[in-house]
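Both of the next two complexes hold chain A, though its partner changes from chain B to chain C.
The block that comes next holds the complex of A and B.
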């Protein structure tokens, strides 16, 4: 396994993008992927995540910068010579070979001994729950099982420097997804492969990865643990993209002690207030927004005296959607819309106030989080 | 109203559809929920008249539509793979069914403008589909279905190929868009969460059969069969057989019986003719809680009213705000969905609690739910 350093890397496609405002499909970046890390690349389609993966795998040569594996420059090496395994969205299997032969194929290619091959193939079959089916022809398998074999072919070798996954579970049935995702997680805990996993599905990204790399419009916006991305998104895009529903983002001003949304004061914590002062945000005229997750808002009855409780503000309840586990409460604060999640079974008051937690009420200037070291 | 009575269809000697009876009303959203190959697409093809059922009746507003060619039905279909005419502009794509129908120019313009506004396609009307994002292309396909003002609209996993966030946005809009049409609307999906967001009514499909049909939330909260409960659970439903002995209920293979109060609560919920049945208990992952999250769980008296689940952690998945703890309980894979970050290492012992009234009981032999019908959940 290897660490991967993307050194001053950037990519522009030759002629095709000539007319667009930004010539880069991937804006210049410098990024180190640690040895043994499980990374997910998450972002909407067209954000550059597949371009980035193809550069790491060697399918695409970057127009600038270098790719280093453990310090060794592999920018000019072909995919085969980079010693990586890849799993794609659609199954890649040899229909005429048996399940076991399919799994053995990458090992035979490396000239491994047959006893070692047998042991690894048996282990991989068990991992995927395909023990009894080793001698079936791949052509007789359904699409889900074929994709299991594709995963198996990616995981069967222990000597690869990295395993790259490109939307491997997108076409898999939801129930099987759970099983395969947890298998991947267990395999990572056991073998500590360097894994890079591209997906547009946030649940897949967050549950698979130690670190999630959130991308949009050709740039990496944040690299963080799922908890960091959830609790302190550094860009409003990260806040809205992660979470279901995403973070509420409301236009506001800063009056020196609180965020003010359409005349309503929302409390901020000390660290945010200090950082906002240090940047002169009360008077700078910079575009400000307040970000708060639907999970961090508590809907309470209108009986609360909002004068006594500065963390509570009056809101209008526009509607309630019962989603089973939660209710989604749609609200209006001033002239802006937001939503809150309410636990299953709890009654929702018709006239309501909303309690904000200052530690979970974040301030954004020009879409970037206002924080002490920001 | 679209009415299906005892519809059956065999494909390559296996039963693609069996004994399907449904009444789908105009102005309502009807969801077909089931895994891949459960019969969703087969059923839609029969509804559309693309495939003929081997037996059964299919009527629309009282008239049989079996054998009526697709072109003569007022029908719109949208597939997972969006289909647009690549050489036509977005405007012409949306207008195409109206031109075929021979509508006059003014009417076409008015309808396209309205659909484009609803689906936020106004800025792109002069572009070719290839120059749009996947989400925008699917909106074009939806707009084309919308302008036809068809009386039957079939949407087969229309959002499955879209980005997560786009899907969230579109599925909030879709029910509103189509509700106003007064059409019979059918929407196929593999995802329980999608069905819950969409609301309406749901038919759970399994191996070509309808397990249960009714208001979506009722199905979710009050499933009739173990299979319906499984189909409507994400993460997967937890279940285990119960056995009896020495006057108490216990998990099959467990040494310890459930607390007397729990046994009493479960048994009280049984109808008289099921008291002797072999039972399976099932509980959704988010109804399992840690001791620290259950009020007074540390007090012995409170614990007497809870079902204790002691397992060994397999792997924990953390989403940033929630944790999926996969664990083994009595040899079965179970999963708990806990609020907050709980990084249990593999191999750790875990104790969770469930409230009896959050659990479902099923007759193990028949797979049918056992409960008293009065008194509700």
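The block that comes next holds the complex of A and C.
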């Protein structure tokens, strides 16, 4: 097991056309993955997640920067010598071999003694719950057992420094996904391998990982716990990508004490206002946005009580969708659309107002969160 | 079930006619000849299995059969491993792929008799590049007089002509292997041999079976090239079954024995192809279940 340090790492594919604005598949970054951490690498398809993963495992050599394992430079080492295990999107099994032989394969290739191999294989079979199927041909298994074998070929090695997963549950039946994920989680708790789990599915990322790394367009936007990503997304993309529905992002200006959306003032908390002043956002002319989660908005009836409340603003109700336990209320504020979650069954007032919580109303300058030490 | 529309038969009719005219009727004609004798004037009389017994007992048939079997065995032993090796060495991307594919396809596009003529001239000691070249190096090479030289010439010719087929089939199998298998193999630390044995070979096994069957049947039925190059000689040393058959049917006009020999020839090919197929498809199952017992 090892900590992984990507030092000033960037990658551009040789074939990418020179004319495009950004030649990088992976923009230069510096990132440390702590020893024993369970990380999820979350981002939309084509954002560079797999490129990053293949650089860590050594299947791809970065065009610039170094890869350090526990401080040791492994950039020039082959995948095999890096001692990395990787599970791919589609299960890879050696068709002609049995389940047990598949698990023994990486050990045999490393010239281990057959008694040691047998013991390790037996242990791994138990771990994966495949004891009874050791002598079955790998080809005859279904997709999720095959994927277990792919994982098992990593677990069987005692010396792996990290296990990388590249969207490993894509081809698994939905009802088995949570089961495999729970098993992965257990394996992590028991052996505390450093694990990096690539996915575009936020539920997978948030349930698997201690820390989620959100990527978009070749850059890492934020690294944080699921709570941090949900409550204080550092980038508007993180806010809209995580959550269902995602964060509302509205164009606004800053008048020195509140965010102004199409002439309507939205309250901000003290820390944000101080930070905004420190950066001179009232006059700087940078593009500003206000971000607020549908979960932190409250739809109330407009009236005398709300008209005087600075936290409430009048809105137009455009429609209501039933999401089961909640209703999704589509609203218009000024000329911009947003949505709010409303408890199931509660009536939606005809003349509606929205109550904003200043602590949960975030200000973004050039898509980046405005915060005290930002 | 009741037949709803008898017009459907009209749809099947063209294909039935085609198969009947091209396969069934000629085959039945051969069967007809093989059990009868004639002295001309379209008068036939029944002889039963006499021709079959005669052919099977004749030394001429045994010798031709042995030569053909040996030829096919040598062809398979050379072309299959060589074809796999070339397919493995071929590039997977870039413009080199098209170049290699065209180069490989070229020999396949040349008609059989042209191939024969090319090699017949190529090997001639007086004017041929190969024959004259070898002679000027002091090597005693003459395919018209020396049995060994005749065989070497025919085998090299066939290898030159048909290895491409094996290459193309194997290559198509190899390029269909997803990249992720090779990545997994690198992570598992597999050697080059292990990658071939456990990833590439299992994945190309099906096309390889087709390659083996095609090359076996083709080489077992080879006629045009040896006929053009050696004419079956020197002596009878390259008289394969097909050449023997044509000599018997057209040269000597022994229609009865020739028909009997055709049918025996046909049955041998059918039988051997079936054996190849069965062995190769069950080999894999046996291998896996045997490894499983360890």
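Quick note on the criterion: the second predicted complex is superposed on the first by the 342 of 374 C-alpha atoms of A that agree within 3 Å, B and C clash if a C-alpha of one lies under 4 Å from a C-alpha of the other, contacts with A are read in each partner's own complex, and residues count from 1 in each chain.
Following the convention adopted for this analysis, contacts are C-beta pairs under 8 Å (C-beta built on N, C-alpha and C of every residue); 3 or more make two chains touch, one makes a residue touch a chain.
Keep in mind that what you see is a predicted model, and the values were worked out from it rather than measured.
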Exercise for the section: State whether chain B and chain C clash or fit side by side on chain A once the two structures are superposed. Expected result: fit
Practice task
Go through the superposed model and pick first if A:110 touches only chain B, second if only chain C, both, or neither.
Solution key: second
Completion exercise
For the superposed three-chain arrangement, angle chain B-chain A-chain C (C-alpha centres, nearest 10 degrees) equals 70
Fill in the blank from the handout: chain A contact check, chain B vs chain C, more residues touched by chain B
Exercise for the section: Report for A:80: first if it touches chain B alone, second if chain C alone, otherwise both or neither. Expected result: second
Exercise for the section: Once the structures are superposed on A, label A:200 by its partner contacts, choosing first (chain B), second (chain C), both or neither. Expected result: first
Problem - chain B versus chain C as contact partner of A:150, first or second or both or neither - result: second
Handout entry: Which of chain B and chain C A:283 touches, first, second, both or neither
Key = neither
Handout entry: Smallest distance from any CA atom of chain C to any CA atom of chain B, in Å, after fitting
Key = 13
Practice task
Write out the stretch or stretches of chain C touching chain A in their complex.
Solution key: 178, 180-181, 183-184, 186-191, 194, 198-199, 202-203, 284, 287-289, 291-293
Problem - chain A residues touching chain C - in the complex, by the definition given at the top - result: 54, 57, 59, 78-80, 84-86, 88-90, 92, 94-98, 101, 105-106, 109-110, 135-137, 150, 153-154
Problem - In the complex, chain A residues that touch chain B - result: 44-46, 142-144, 173-175, 178, 181-182, 185-186, 189, 200-203, 206-208, 225-231, 240-246, 293, 295, 321-325, 344
Practice task
Would you tell me which residues of chain B are touching chain A in their complex?
Solution key: 35-37, 133-134, 163-166, 168, 190-193, 196-197, 199, 217, 220-221, 234-236, 286, 314-315, 317-321, 324, 326, 335, 341, 346
